[in-house]
Every structure is written in C-alpha cells, then in structure tokens.
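Scrolling down, you'll hit the structures one after another.
In what follows, chain A forms one complex with chain B and a second complex with chain C.
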Partner chain A sequence: MIMCVAVVGHQNNPLYLQSFTEADDALKLHHIVHCSLDVVDERVNNPKKSGPTLNETFLGMLYPTENYKVYGYLTNTKVKFLMVTTDLDVKDADVRSFFRRFHAAYVDAVSNPFHVPGKKITSNAFAERVSGIVKSFGPVTTG
Partner chain B sequence: MIGVGKMKQYTNVLDKPLSRGRQEVSLSAFAFLFSELVQYNQTQVDNIAELERRLEDAGYAVGARVLELLCHREKGNRRETRLLGILSFVHSTVWKVLFGKVADSLEKGTEHEDEYMISEKELLVNRFISVPKDMGAFNCGAFVAGIVKGVLDGAGFPAVVTAHFVPVDGQQRPRTTILIKFAEEVLRRESRLG
Partner chain C sequence: MGREVAESCIDGVIIEMVSAYCKRFYATKPELAARRIEAIGYQVGHQLIERLPSAFPPFLFCLRASCSLSSDLFMRGLPGPVDLVLIGYTVERPRFSDHLEAIKFICKDFWSELFKKQIDNLKTNHRGTFVLQDNRFRWLTRVSIDPSLDISEASQDDSAVTPENKAAEATSMHLYFPCGIIRGALSNLGIPCAVSADISNLPACSFVVRVKA
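Now for the complex of A and B:
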C-alpha cells in the first residue's frame, strides 16, 4: 500500500505531493518526505564508488506507531522522487519498475511547454497517470 | 504489429491500420516554424543582442526538457558528474536526437581552461537562413546555444554558451561553433573530483 508519492525539485522545493490514504493528514507526510530529503542529500554527497542514478533510502521504524519505508530516486537534473509505502515485504524490482513508470509520467509532464520548471506540477493528466501507476503497484504474485 | 507471416491486401486505404509513423519531423516544417519564431522575435526587439537573448531563452526551455527526456530514455542511465562526460553526452546523444547525427567535432579551447567548442559545418537551423549584412554577427544558432545551455544547466554545469561563425578557407559558408564557457564552480568541482 503506497501512502504517498512526492516530487522534489533540485533546490529541495516540493513540486508535487499526492497522498493515497484518506486517514493520514498531509502534514505528517510532508514531514516524512522532508526528513528523507536529508538522507538523499547524504547519499548524493558521499557516493559509493560507482555513483548510480537510482538512489534508495530504506528507513525502517521511523515512527513508533506504524512501519513504513521510504524509497527515493534521483534523476539527472537532481529532481527527487520519493515514495512512502507501508508494505513490509515489497520487492526491489517492483519499486524500480514503479519509479521507471513514474519517471515516464514525470518527463511527459515536464515536456509540457506551459509548465514552468521549478513550479508545482499542476497537470491533471499527470495526477491521473500517477494514480494509475500507484494502483497497479503491488507484488506480482497476488492470490 | 500485424502478423509477420501473412500479408493482408487492403482494398481500401482507409482500412489500413494507422502506422506509428517515423519518429521524425519534416525539415521544411521545422524550418518554417523556426523562421516564424525568428521573425516574431524580430518585431519585438530593437537590437541584435536582445534578439539573440530571446532565441537563447527559447532554446533553454527546450534544452531542459530534452535533458529529462533523454535521461529517461537511455537505459542504464547514469548521472553525469564529470565535465567530459556531460560534454560527450551533449555532443553525441543530444545532437543525434535533435539533428539526426552527432556533432562534427568537440574541442577544448587553447587559451582558457574553461572553454570548449562544439563545431558543425552547417547547423540544421541555419540551413535556410541567410543573415543580412546589416545584422553583423548575428547567428540564429543562438537557439542551439540555448538548447545546450539548458542541458548543461539542468545537469548541474552552469555555463555561458554562445554561437559564432568561424570562416573556413575553401568553403563559402562559414563553420558554426558553439562556444561553451563553464562557470568557476564547475572547474573547481572538476579539479576536486580529480
């Protein structure tokens, strides 16, 4: 179950934040996303030797009330995608394919000539595509 | 894709399935659009420097988006952190996607450490443009310079990019050179990375 996805620009400004569970309030998710930005920055500034593009942050029990994991992905323009999920056993391959599709939707949204880079993404089509991707996220073996 | 083994004969052209089309745009369509872009900007400005700046801004927006798109399309994408890496990326990949071929040459400037040049015998955008004498050194390649600037800025290498005509002996039309001058911090970072 994905709780929320976020796109953060290269100056750590939020470009898009969408939550997919009604119960939680947006503020807590903002806070979670904000904290994980620090981890991303730390990984970027001290890269392991190969310097990969994909950046995964794996936070375990950050909140005492619930378990969740935050995954991150860094594009070539320092734009970060963050995804907060409550699944306990989500596979690496699933997350990667999720981010790949998310990246495709993001590239399409940015290619809009009316989109100002650095401003929030206001495209409805992007929001719908993201919801579609989130809905289809999940372990490949279901029932 | 229709079954490779069987060939269906379509009596009516309307029955044929829509092809995906070649991933190309006709040169004349682009040349027309570009000429309109230049003409539109010409009416809005009083001097050449302003015109070049406007073309460059237009190219900048294109460059930023091209960077995002190419990095997504390239499988096994790696973030370019080295100067030579990003330069060769611009020189081959970006040029190939935009103009269908790689740029003619990539050179390092001799006078300054931070200057690099990408040359092209004939820029695609300049192919149908002849600049009148009274416009001096104006080059519509400012659009392409803007694209390169957009790509470099997005990738984290701030630079000043300009387009120049370089006369070559033996050719009546001068060669076009895109001059890239990187900012201080890029060189410092590059020397730090070793």
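Now for the complex of A and C:
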C-alpha cells in the first residue's frame, strides 16, 4: 500500500504531500520524505551508482527502512517525486508506470495558468487524480 | 488528445498583445512594455517546457537528429543524420547532462513543437554563448518589410527617426515574447540565461542566448 506521495521543488521546497493512511502521521511522512532528498542528491551527483541507464528520470528505490520503501523520480525541470510504500515486493516496472502517470498528472496541474510556478499545488483535480493513480497501483501489486 | 486552436488566432493574440502593451498600457515607456512582454513569454516558456520533455502526446512522431557534436568550434548543419523516434508516455527522455544538450533540445523538439520546424543553425563558442538562427521565423513572416507605410507618420515626428528605424523598432517589439519563451524554458531546465534577438533580413532572425555563469 502506498503511504504517501510527495512533490518537491528544485530548491527542495515542498510543493505537495498527500498521505493515504488513516493515522495522523503527516509529520512522520514529512520526515521520511525529507530524509530521502539527500539520497536523491547523492544519486544525481554520482551517476555511476544510479543503475544501468545514465540520467534516467526514474531513480529507483532510494532507501528502505524497517517498514517502508522510498522510491524517487527526478524530472528534467529538477522537480522530485517521492513515493513511500509499505509493500515488500514491488516491481520496478510498476513503480515506473506509476511515476509516469503521476508525472503526467503533475504536468497537467502546473500547466494551469492560475498556478504560480514554485508555489504549492492546491488543485483539487490534481489531488483526485493522484488518489486515482494510487488506488490503481495498490491492487496490481498485491493481487 | 489535446484541444487545438487555429494558428491565425494565436497570431492575432500575439500581435494584439504586443500592440496593447506598446501603444496603450506603456505608450510612453517602451522599455517597460518590452519587459512586461518578455515576462509573459517567460511564464509561457516556463510552463511549456514542463510538458514537453516527457509528456508528448503518444501519437506524436518526432524527427530527432542523431548528430554528435563535431569537435570544431562551430556546429554546422544541425539537422544531420535523422532517425525517426517515437516520443510518448512510454519513452522517457533522460535528463540533460549539460547546457548543450538542453539547447539542442530547444532547437529541435521544442522549436518543432512550437513552430513545426527546427532551428536552422546553431553556433556556440563553448563558453556559454549560443546563437540560434531561424531562417524563416514564423511570427515574423507576416511583418511588412515595406517602410513606405510609416513615411507619412514619420514626417510629422522628429526628423531624426527614419522610417527604417521605426519599422525595425516595431519588429523588435514582437521578438521580446519569443525571447521570453526561450529564457523561461531554459531557466526551468536549470540554466539561468539572458536572451536577446536580432533581425538581420526579415523573415530570418537569430536569438542569442548567454548563459549566466
């Protein structure tokens, strides 16, 4: 199950964070996301470690904790997408397609002429679309 | 997929925007008008580049030249050996490793998405200055190069202002918007720069990009 997704701007400023848990753990999730930003920087600055393809947008699993896995994605415009999941065996291909759809949703959200670049995303349509993407991710991996 | 709009409407909006800023809002301050038009272009480019690198409509085919940069100082004949690449949601564009990669993206994919043609010539001094030359810039093809229309107006004005100067000034106002688009696109890719345009002989036009160190 996906615990939360987050969008972080190019100056590591939080743009969007949505959690999908019942409990009130927004602070904890913020903490996890914040910690993984260092790993993103590390992957980007030392491209040798980041897998077979150089400069790929998908960064792979950033770091596993006891309960969570954090996956990252970096766009050409230096915006980071992070996803925290509790699933133990997640296929990379599923995460890739998740991020791709998430990226498409993000692009549509920031193309809104009333969105101010660099400010938090407040669009309800974006939140709904992200929820839909997250929901469709769950059953595929567990089933 | 996306909704479409006629090119003539876009042309009309741009011409109207330039004339509104130059003749109505900031009639006495041409520098301020230029800055405002450039700022509008900046925002357009900033948002447009977000969509282009990864989110091409899946059915769109794009010609991407697979030319490698020659070691000599100037890069000539940009559209080199060309192969057909399908850019869609399935193919992700890798991140740009350096400035030249990003500029080449602007010249090819970005430009052909905007104007249905690529930049005709790209020159660089490899020290942060790039000259992008378009031999037939789409937004200037409708500009009249005949200065005779302005003669009657100019004769009433200060005699030092020649009609040629006036026509060039009016044309250059139309170039602040595309300059802003380029600057917005590049700065969202993480390349802060200054862009200026220069008109040699009319439908041709070149944009000079200076990357800030």
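Before moving on, here are some points about what is shown:
Heads up, the rule we're going with is that the second predicted complex is superposed on the first by the 118 of 143 C-alpha atoms of A that agree within 3 Å, B and C clash if a C-alpha of one lies under 4 Å from a C-alpha of the other, contacts with A are read in each partner's own complex, and residues count from 1 in each chain.
Keep in mind that, in the parts below, a contact is a pair of C-beta atoms (placed from the backbone, for glycine too) under 8 Å apart; a residue touches a chain by one contact, two chains touch by 3 or more.
Small disclaimer: the values here were computed from a predicted structure and weren't measured.
In the superposed model, A:S36 lies in contact with neither chain B nor chain C. Applying the stated contact rule after C-alpha superposition, one finds that A:T85 touches neither chain B nor chain C. By the touch criterion defined above, A:L74 lies against chain B and chain C together after alignment on the C-alpha atoms of chain A.
In the superposition on chain A, contact of A:S19 is made with neither chain B nor chain C. In the superposition on chain A, A:V107 contacts both chain B and chain C. Put simply, chain A uses residues 10, 53, 74-78, 103-104, 107, 110-111, 113, 117 to touch chain B in one complex and chain C in the other. If you check the complex, the residues on chain A that touch chain C are 10, 53-58, 74-78, 100, 103-104, 107, 110-111, 113, 117.
The touching residues of chain C, counted against chain A in their complex, run 43, 46-47, 49-51, 53-55, 89, 92-97, 188-190. Every residue of chain A that touches chain B in the complex is listed here, in rising order: 10, 51-53, 74-79, 103-104, 106-107, 110-111, 113, 117. Chain contact summary for the complex, chain B toward chain A: residues 61, 64-65, 67-69, 71-72, 77-81, 154-156.
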